[in-house]
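First chain A sits with chain B, and in the next complex the same chain sits with chain C.
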Partner chain A sequence: MATITFETESRYGARRFLGRALPYVLLIISISPIVLGYAWLIIATFSYRTEGLFPIDAEGNVGGWTLRNWEFLSDPAIWRVTLTSFILAVGMVVGVGFVSSMAAYALSRMNFAGRKSFLSLTLILHAFPSVTLLIAIFFVLNFLSKIPAIGQWFGYNTVGGVALVMISLDLPLGIWLMKGFFDNLSWDMERAALIDGASRFRVWWEIIIPLIKPGLAALAIFNFLSGWSAFLIPFTFTVGTKVANMPVYMRQLISDTAPTNWNMIAAVGMFQLIPVLIFFIFTQEMLLSVYAGGSKGGT
Partner chain B sequence: MAEVITGSGPVKGQSPPSRWAQLKATLGAWGFMSPAVVLVLVFFFLPVIILFVISLTDLSSSNFSEPLTFINLENYTRLFKDKFFPKILGNTFFYVATTLSCFNVGMALVLALLTTHINRRAGFFFRLIWLLPRITPSVIYILMWRRISHQPPFGLINQLLAPFGVEPQYWLFEQPWLFVILVNGFVGASFGLILFSSAIEAIPKDLITAAKVDGASTWQIIRDITLPQIRWPLLFVTTYQTLSLLTSFEYILLLTEGGPGLYRTEVWALTAYKRALKTYFGHNQWGYGAAWGFVLVIIGIVMSIIYLRVFRFNELVQEPKIDVL
Partner chain C sequence: MKVELENLTKRWGNVVGADSMNLDIKDAEFVAFLGPSGCGKTTTLLMVAGIYKPTAGFILFDGQVVNHMAPKDRNIGMVFQSYALYPHMTVFQNISYPLKLKKVPKEKMQEQTQRVADMMGIGHLMDRKPAQLSGGQQQRVALGRALVKEPDLLLFDEPLSNLDARLRLTMRAEIKRLQMDMGITSIYVTHDQVEAMTMADRIAIMKDGQLQAYGLPEELYDQPRTLFVAGFVGSPPMNLVNVEVARENGEYHARREGFDVVVPAERGEKAASKGNVTLGIRPEDVTVADGGISGEIYVVEPLGRDDLITVHVGDASVHVLADPTLGLRMGQAVTLGFNTHKVQFFDPQTEKSLLWTD
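Let's turn to the complex of A and B:
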């Protein structure tokens, strides 16, 4: 054990170098499918068609760069689905942000009958796989459709209904994250305001919310991305193209019976990816922590 | 941390609040809670009940308008007698076990060890790239994988392997399981990766330095120090991701829809979804699909409660900054 000498250091210099380089080599190999996938998407977006990673022109030679795939931008359909996606994303940001910061404030700051049970429930629901409830939620939405004023906006096959389902299923995560932010907040200012006779709601809105803006921003970015990229829930609870969001629209393009124009779809995908990548580049560290702390784990 | 708040009894040095004040405080708190409570009731509780009730009926799109007919547990017996039940059960086990061991835990652990052993910034960079699949909208992510595994001359794999003399083929069609696992694994690995690497970075440096002074090899350090130190995150990720894998089906739905052929890559959660909501012929068997789904719900509830106990989530339930002025 204790036979390390300086000799070994120099003799195994090459081995040590290998030991240094090996992790990098393995890591680069590990990310290659991700890099390849993205590389294909970018190349395909700007080419006539692709074979493997090579852009191919009409005669079958390498080459054939084109902007033709972006012609979909003049189709009103794309702007309608973009708007739907945007509404869903903003709905998620506002809905989850508002509802969960209210509940989290009460859970963090007030003592009331049922507090502990609700908090445990939040944790259980957070671990609970909500996708298993989609079948039953179909019936809930169908029922909501039948209620006169509400059904029109929040029933089956409406953007509001989809948003409502997505907000609800994201609440356990939102409440849990926000409660963490509230718990870390000193409560001196709040106490002063309360002693001065301000109402709880005013304190929450005028003092607390401004103080936890960073936390709200983190939750907002996370929710914007999940609303923007949502596929399964919009796909399940909408029919046809009227209320499709962008991922559902893309899915329809892919599974159309006509020969699929992969390069045009790639361009639509790229168009949808732009905001995702912008957030990704500018908020990396925050995203890493939110995904670790809260994510359902996807798969 | 460990202190647990019990009831809302009077606090030292304060006169006990009046009944009216107490009631007012509770009402105020529930006022804050009400939107969340309503949504949780409508979209978590009600659905669990509805799912159970429907699983006891023969509700389908052909008798939707008629009154409900209860057929007791017939859907459940039908489920077990289904010709494809053994196939689907086997698929589910295979899918969960393989993806979990190879990627969500295995790959995540290897990547966490690698990224914490290299330069800090470089490690962060690789972790970030691994987060990309999770953040990429699922439809686009699947589009990439479909092209990677596409038939010649379009597929990326064929082009890359051609110099090595590998016969070009339609990989997704020939090896559907390989790609179902890769697709899910590349998304799933980042969860464990992030948790494991922060756990590894939290290990006191002294421990590792001491081991190095004693002449321990890298492998010995990993086996005797790192792994025992991160056993809780390991256990957490394993159980948590088992449940996620068992119930998630979005990527399989997009990639293979359970095919190619009959039930080749169909898993339990996908069966429930397809039977109830997305059948090819528009004949939705809600009752039967609900029976498949309800089995998963039971597993989900039981496992979530186990987490709460095993991982002492109760201790996370901190004392509130209560209404004491």
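Let's turn to the complex of A and C:
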């Protein structure tokens, strides 16, 4: 009797171990392509060529590390490109953050004609694929270029113009996200502040904004990342290297005729990744709150 | 400060929040708005505060129409059910915020804030954030913030309903005392009739956006003008049974199946020959006595000082506050005596009192 009990117990235990291990096995299998991809990226940036995950030297033997791929850092072009990417990212943070926090506050708190239709329209705009708008936006930017003073900064083939387009395309999401945060705040606090003697603007600035700081920060991170890695819009509305941002610059390194140095492109990609990684490490928690807080937003 | 409401109305499309309210509040008076949830009492309060704009009618402070005055210019203090403290500010910053907005000099602000905080018994908590305080302490901060700017009018929106029962009792007494000492006109919104009865100088009873009755607590208790007021004021609520009142041999009998009570002439004559009327009698005015109306005890609920017993009389049930030493049990047959000098009569159609008219 005793042995039988022991056997069933051990079999039961084995099954339980399998049950616990299975999810991990599945998870490891499903993320391994991504992990391997990143591993390749890191190895590739420090080697002449790669074969699989192995670095290959000039003679075709395994081994041989090099810093040759990182020589682009001495080229002034990369720093100009970095600056452009940075301006674009910061422009997104400031532009989307400012406009959507004000718009979302009004939409969350005030009642005005067209509020409902504005909200649903914003949602539709968000769902609208921006690719379909590229040609129309090209005409708009071209038109802006012809306006003196403004055209110089916000027209076709300018950082400002690209930033403007990206901000406006990101606003619907930003507004909805911020509205979710505002909706979660109790009205009583604002009423209390109004009764305490604050003006509407002061309530917004001194009471409301401090309370939605996590949301604002999350939105900022979000926009920084999307501005930093933007490709399609900068690629469409800029020509040449003068106003290219990092992804566009990377695209320009890929030549149609001459052989492409893929390992250098990997290095540029790696270079672009570093700020994002640092950012991510410090802001993970806030990013999570975007989904936690934003998803609660109702009408 | 004197407050008057004239035909004050608030509507959102077809939804009526408050319907032509007429009310006057004397200087230094403590008035309670009492009613079930959704009756428009908070709506009215927020109109007085200036948060909601009235659809029609007027709000007057000391005879001046203030309909279009911004909340910040009305010099009022308000305490919310949720306390509505600013979570990112310390207790000191919370209490001093109204002074900061008034641009009171820093030293005076510090002194005034400290004085109010000491008065509220939270002077030692100045550097804490609201989240680090207990519910009762948060309530005191909210009260302090409302008082610090020495308002002309204090508004309370169910301020005690988030506190536990014991603390509620303490705060009730404290708020009442504070209001008397400071002599600030106050409006207190509550759905708890005990709070309204114990604290207020006068009570305004509201239902469906309409003012049902406005008067002294004891007046509302002893001379309810409508069926709603009779049922809402008093705990446990008044017993209401349908009877017919008839005059026989010079006596007035209120009758229904298994039920016959002789009522005093001055009350009975107003209800006689009206067909079906509603008789009201409070549980404390019914006693378990020898002789009278016989019934059967349905349930006994000990309340400590009294037992609340439900007695089935025919097909009606009557609540009685009985002496616990009687040792009443469920299912026992009892006879009930009525203190007939306290009976009320209402017209079941109009729901108005047959005894008291304005």
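Keep this in mind: the second predicted complex is superposed on the first by the 246 of 299 C-alpha atoms of A that agree within 3 Å, B and C clash if a C-alpha of one lies under 4 Å from a C-alpha of the other, contacts with A are read in each partner's own complex, and residues count from 1 in each chain.
Please note the rule applied: a residue touches a chain if its C-beta (ideal position, glycine included) is under 8 Å from a C-beta of that chain, and two chains touch if they have at least 3 such contacts.
Here the structure is a predicted model, which is why all the values come from computation and not from measurement.
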item: Contacts of A:I274 with chain B and chain C, given as first, second, both or neither; value: neither
item: Chain B or chain C, by number of chain A residues touched; value: B
item: Touched partner set for A:R251, first chain B, second chain C, both or neither; value: first
item: Touched partner set for A:L67, first chain B, second chain C, both or neither; value: neither
item: Contacts of A:I29 with chain B and chain C, given as first, second, both or neither; value: neither
item: Contacts of A:A149 with chain B and chain C, given as first, second, both or neither; value: neither
item: Contacts of A:A14 with chain B and chain C, given as first, second, both or neither; value: neither
item: Touched partner set for A:I207, first chain B, second chain C, both or neither; value: second
item: Partner chain in contact with A:R191 - chain B first, chain C second, else both or neither; value: both
item: Partner chain in contact with A:V239 - chain B first, chain C second, else both or neither; value: neither
item: Contact residues common to both interfaces of chain A (with chain B and with chain C); value: 191, 194-195
item: In the complex with chain A, residue positions of chain C that touch it; value: 46, 49-51, 70-72, 74, 76-78, 80-82, 84-88, 97-98, 101-102, 145, 149, 155
item: Chain C-touching residues of chain A, taken from the complex the two chains share; value: 186, 188-189, 191-199, 202, 207, 210-211
item: Contact set on chain A toward chain B in their complex; value: 1-4, 19, 23-24, 26-27, 30-31, 33-38, 40-41, 44, 50-54, 98-100, 102-103, 105-116, 118-121, 123-140, 164-165, 167-169, 171, 175, 183, 187, 191, 194-195, 200-201, 204, 225, 228-229, 231-232, 236, 246-247, 250-251, 254, 262, 265-266, 269, 272-273, 276, 280, 284, 287-288, 291-292, 295-299
item: For the chain B and chain A complex, residues of the former touching the latter; value: 5, 8, 25-26, 28-33, 35-37, 39-40, 42-44, 46-48, 50-51, 54, 99, 104, 107, 110-111, 114-115, 117-118, 122, 126-141, 143-145, 147-148, 153-156, 158-160, 182, 184-188, 190-191, 194-195, 198, 214-215, 218, 240-241, 243-251, 253-254, 269, 272-273, 276-278, 286, 289-290, 293, 296-297, 300-301, 303-305, 307-308, 313-314, 316-318, 320-323, 325
